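One structure is given below, encoded as structure tokens.
Chain nomenclature is as follows: A, B, C, D and E, assigned in order of appearance, with residue numbering initiated at 1 for each chain independently.
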């Protein structure tokens, strides 16, 4: 990055694509977490991370398009996430109640 | 006009009556129906012959279209000319006699009605064969008589040997029929018709190659039906049937169908010299070959069976050298004397309570003099004793053979000598010496003897009464004259007499000699006695490989192994794929998620990056 | 609503009514099924009466729209090709029902209902004139047969039933693909219209397309026929099926395949048919010889007859692909003949089975002593099957071989070997079953034919004789139709060659 | 800022099915304290009434077709078709549930309310014209399904099923959402028709669309259980309560296909060359995995799960044809599929017994001898699943492959049809067990069909035959409905 | 200024996100997630989404995460155990992660390179008033419908977590 560009950036702000890249990185990390974590709750949190990443993209795009609909989208995603969290945690509770484990690898009786 | 259909229809009616309700009929009625239908047919033949100048102007009859498809158009046609007339006379005439004989011979058999039903059915098919106006109708008769032969050989169906012999006869005949039917197909593609008239009219213009092919295929058919090399093997076994059957079917009529067909197709054969040569060679070879086996056999019917094969070889020799009429003549005289020989043998067997081995006979002249007398007539005829029927026809063939190729004549003469020897050997062994069998031998009833007497007369004088070459004059091309005909005749008479004399010496005068000779010949004798082990060779070379191969290679190997193996293998593999899927389907949430991520990566690569590179 | 519709509808109605009859009234169900199938047969005879030879196109046509979009018609009609096959179906169904009278005690209601459903499908297959409708009937046939084998069959019935179903299914899905593809080209399922579009050049297929379409149809039919090497479902199905199932399977269902070849493969894809004929013919001939050789070594009667069917159907396929009038006529006639004679063989084997409860040849022997009439009927059937002249099969085989000889003499030579071999296996079986000493155990289980059995067998025997002696009652209608097929496909060259031969002869 | 809060009456009419259903759901919850103990069946009856009313609502809405709520919703034939389809599935699922809930002694208002909400969500999805609405509808449907899958919370299989479904479903939804975000980024809109136009704008490259499409396909592929996102289906269907499996295998799947079709036939229609190959591969893979996977299964529910994967494959063939006819074919097939699948699951409910102890294929042994009518009904469904003529399944396959061949997808069609021949094998196995084996312990002690379950079996059977013998009516409607406003 | 805030909070968000994934104890993960959410809220503000930023803090970081932590506490979840494993996740997980990361970043860089710059204050359409207006006009339907979603969540909690079925 040459100095003139950097200067311009300071003047104009940060490129939107940086936000988008951040979003992509967070999303990927969320996916990775889903794949490697074994505690169900942590796995669920990784999903939340993914949703947050997407929200960032929405807001970034909304800014780019100068629209409010992206914000609304994020808003609805939050509502959904909240509902999902309630239901998801309830499911996790029942699982734990029946199996006394939160290890995702042990929830594998249905297979083949 | 002449109601030609009535000729085969009469025996057919007899068949239906006896076949369907015969079991419930009294024996007398069965006899009446069986014999009556054939005799009536014979009479009707006489009537037709009388009315139609004995076939001098051929008669045609078309009854209905049998098979029609496109260009193929085969009708149920009859055709009567002089050749047919002779055959009709022989078939119905001898047939009548044998039917009469059989009423006596079969009297105590179980399934009496069945026997006559079959016999009548045989007459029906045989008459169809000779009356046929096209090859396909001829083939109907051809196959039909084969069927009846099968049924009658296996008449004692509880005996395994009998039914096996029946099967053998049918199957070997089928091999011949294979040739015959191919001949018909080729004929149709060549001539566009199977009608005798059309085929014979068109034949001279066709290429020799095709005609030769047709002729060879027909020869194959004929070798099957007429028991020539290489398909003669069924006939000796066919003696498992009741003796009247041997006489009627396996001596007098059916087996001569091949000769009849070749003569009938003379136009084709004459235009196929190579095939003619083949016919002659096959005939000659069969004649010698069968005669040598005949020299060694002890079963009286087997001796006559091989003699039949040998004599049929003569007829083929006649046909092959161009002496069609001589062949047909021998066909007729052979029908007389061979039917007589068999019926006589039947009478002998009857006398000895079913014994067929000549070593357990002997001395029967005391017990069955009438039988001996008629058998003597037949034996003289077959030995070619001057003046007897056999003498004329055999001489005609040998002369023609000389005209064709002298070496054939010489081989024929040697065969004639052997024929005389083995027939008379049988005669001496049966009637001379002391009775060596069991029980008390007895003479046969007149119902059996009557026909024998008629046949004896025909055997003795048939040659004079019916001069076939003269009757058939004009039908076949004349033979060229042969020089020194008288001398040739003398040689053949001498051969016959020599044979008789030798047999008298060996089996009446010096009875120790045969044993010494067989001992001296050793292995060669065993070989001939075992009929050259041809059956065994066929078994080993064809039958066993075919059956075992079908079982091991085709059925278990190809069918169950390869094809079903492949089909089941596909199923097995399919389950295998299912098994792999099971592995992947581990139940682990993280691995599922990983698959989803991998899928997402793949999709991104394919849709985004792939497109991006483009 | 004409008579043909009635023939199609009656079995279906019968099937539905039979389902409603209470299970306990199983004797009534038997009577009902018999009565209904006989009624169907009688009605189907009016088709023969009303059939006008020489009239162009099909007859007894009903053509109404069944499904609007895509337009699928209930279009049925008969021509010379289908008439006899329909009659064959309606003729054999009452016999099959009568045959099963005592043999089927378990779940009789379903059994007889399925037989009626089978008849419905069979008649429909032969009458359908809309490709889609054809396919529908084609599959409808599959279901009752599957159950007939699977429920009322012998020990390995399940394996056999599943194999049967899957084999057929594998072929028919390809046919479905081909049918749909044709529809996308032609815009209609109506067979007449498709043929018309082919002949007027409205549908133009590339060479590859035509070949693939041909193969798709061919494969479906070849499996059904069955052509070597697709035949291995047949022995299993036959052996395991109840007798009536074997009878219907062998007599009519196999004809669906050969019928399809003549009806669809030849007229629609003449070029592909011609191009592929050489290897098809080779397979057919291999089938003839192979089937016969394998039949020869079978220890089981039904299996033997099954392999003999492979051999016989080889003749039919051979005849079809000679593209000659004689070959084609012979092939169609042979379909009928095989239906009658092999049907009769299964029938008689069934009689034996009912007596002795064994299909192994080795457990018989000497039956001729105990039951002479049974053995005589069996003999006649055997003889018909091996092609004895004056019995039906001979006529068909003769024409097929004649056609083969016209097309290529070598084919005729190899195919004729089958004629020899058929005598071997049939006669050997006959000998082992009927001849020889009568053992005690056979003796006690071998009563003579009952009246019901006579009623089953006699019509078949009668037909063997009639068809063998007077083929003119049957062939001309078929011949006329085949001539059209050959003409449509411009396949008549060998026939023209024959005409030329005759012209030469006449000139002389 | 002039604001108009009140929706017009025609907008309300177009939204009436969802209103009715969510209203009914709420009503059930309100009635629970009063009738919960006394009349446990009441809720089921009420929800059936609600479904029927909703069907009328959907029909009425169709009579006044058009957009609603500032174009977020669009009521067209397509929407109506799927609304009615999922509503009918809802009715059948409730009918099939009576016996099950009764046996498990767990008849509650919540179960029915969730069912109603779930169907409401699906109704919303199929009528959405906006990615936001699609997302929300999808979540309503899914979250309700997650809960239903784990309905018997003391049952370990239910737990596991719910957990798997929930975690993986949310995971896939993340991708879907990301795809929506990217689409929004490219086009500045979430309205399907606007997206379609915007994608034609200069500067929008094909790979760019591919980016969005790929991510959306992950989510949608998961919902329809198409390969390679199919793995959850067998586990979840096996573990969930049988009536819920029946419901999940049909209604959410149908709705997911509806949005797949709507999105890809409107927004991404122009970029079809991009996604068609993937659909092609996915179709083939789904059919193959589904069919071959089912071959070795012994558990009925699991087998049907694999079969549903295979059926997703067939449906994807129709999508790959990407024509109006293909769309119509998929619609028809979904209807046929729903009927036969619910029917098949209905029989499983019937035989499974308390605690779903008997869900093995071998448990069907001899059913035909003990309960011929039940066996006959299952036979109808199985034959339809195989694709034997005169059943709906056959015409469904026929239309799909017709569409495929029209689109020149020759090899896909051939492979697909061959696949359906493979499929015949495992369906036949059930017939074999039912008809050709002697009755076992399970069938011997089987109780007769209850009225509700009978209805849940007979109605689909009638429907299957109707679609198989007179498919014209449904297909004609589907064809007229398959034209989207772009 | 923008660059500074962006860099700082992006960095924090990333670190926290990685921490969410790497921490073995769920509580640590949860707290890290709160960190991610908080950072994101700041970024939202930078992007002009005032309302969403607030909602992010209140609803997400507040309510939802509290729920998480509550459940973690309730279940007394400790450091995760390593029983059982997934070969697929082990073998393909990391490559899939790397590939996904690479692809997503590559896409974003390739297809959205010139999407303008974000300067705080450029866009002011994200206030509560604008949001509220949109929610009650154009987005009335989803807004109302989400109520159903919440209702479902409540019912779900009842169904799954209430004491005993009777």
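Note that a residue touches a chain if its C-beta (ideal position, glycine included) is under 8 Å from a C-beta of that chain, and two chains touch if they have at least 3 such contacts.
Everything numeric here is computed off the predicted structure, so don't read it as measured data.
S.K.: Could you run down the chains that neighbour chain A and chain D together?
M.R.: The common neighbours are B, E.
S.K.: Chains in contact with chain A and with chain B: which ones?
M.R.: D, E
S.K.: Which chain has the mean of its C-alpha atoms lying nearest to the mean of all protein C-alpha atoms shown?
M.R.: Per-chain C-alpha centroids compared to the overall one single out C.
S.K.: Among all other chains, pick the one whose mean CA position is farthest from the mean CA position of chain B.
M.R.: E
S.K.: Decide which interface, D-E or B-C, involves more C-beta pairs in contact, and give its chain pair.
M.R.: B-C
S.K.: Counting only Cα atoms for the centres, state how far chain C is from chain D in Å.
M.R.: Centre separation, chain C to chain D: 43 Å.
S.K.: Averaging over Cα atoms per chain, report the distance between chain B and chain E in Å.
M.R.: Chain B and chain E have C-alpha centres separated by 101 Å.
S.K.: Suppose each chain is reduced to the average of its Cα coordinates; what separation in Å results between chain A and chain E?
M.R.: The mean C-alpha positions of chain A and chain E differ by 4 Å.
S.K.: Averaging over Cα atoms per chain, report the distance between chain B and chain D in Å.
M.R.: Here the centre of chain D sits 77 Å away from the centre of chain B.
S.K.: Touching at least two other chains at once: which residues of chain E meet that condition?
M.R.: 84, 86, 89, 93, 96-97, 100, 104, 107, 110, 112, 115, 138-139, 142, 146, 149, 152-153, 156, 159-160, in rising order.
S.K.: If a residue has to touch 2 or more other chains to count, which residues of chain A qualify?
M.R.: Residues 20, 23, 27, 30-31, 34-36, 38, 43-44, 60, 64, 67, 69, 72, 76, 80, 83-84, 87, 90-92, 94, 104-105, 107-111.
S.K.: Touching two or more other chains, which residues of chain D qualify?
M.R.: Residue numbers touching two or more other chains: 132, 136, 139, 143, 146-147, 150, 153-154, 163-164, 167, 171, 185, 205, 207-208, 211, 234-235, 425.
S.K.: Would you please name all pairs of chains that touch?
M.R.: A-B, A-D, A-E, B-C, B-D, B-E, C-D, D-E
S.K.: Taking the complex as given, what residues does chain D use to touch chain B?
M.R.: It comes out as residues 163-164, 167-168, 171-172, 175, 205-208, 210-211, 213-215, 217-218, 221-222, 228-229, 231-232, 234-235, 274-275, 277-278, 288-289, 292-297, 422, 425.
S.K.: So in the complex, the part of chain E that touches chain D is made up of which residues?
M.R.: Per the stated touch rule, the residues are 107, 110-112, 115, 133, 136-142, 145-146, 148-149, 151-153, 155-156, 158-160, 165.
S.K.: Residue numbers of chain B touching chain E in their complex, please.
M.R.: Residues of chain B touching chain E: 584, 586, 588, 590-591, 593-595, 597-598, 600-601, 604-605, 608-609, 612.
S.K.: Give the list of chain B residues in touch with chain A in this complex.
M.R.: Per the touch definition, chain B meets chain A at residues 582, 585-590, 593-594, 597.
S.K.: Per the contact definition, I'd like the list of chain E residues that touch chain A in the complex.
M.R.: Touch list, chain E to chain A: 1-3, 6, 10, 13-14, 17-18, 20-21, 23, 26, 29-30, 33, 36-37, 40, 43-44, 46-49, 51-52, 55-56, 59-60, 63-64, 67-68, 71-72, 74-75, 77, 80-86, 89, 93-94, 96-97, 100-101, 104-105, 107-109, 112-113, 115-120, 122-123, 125-126, 130-131, 134-135, 138-139, 142, 146, 149-150, 152-154, 156-157, 159-161.
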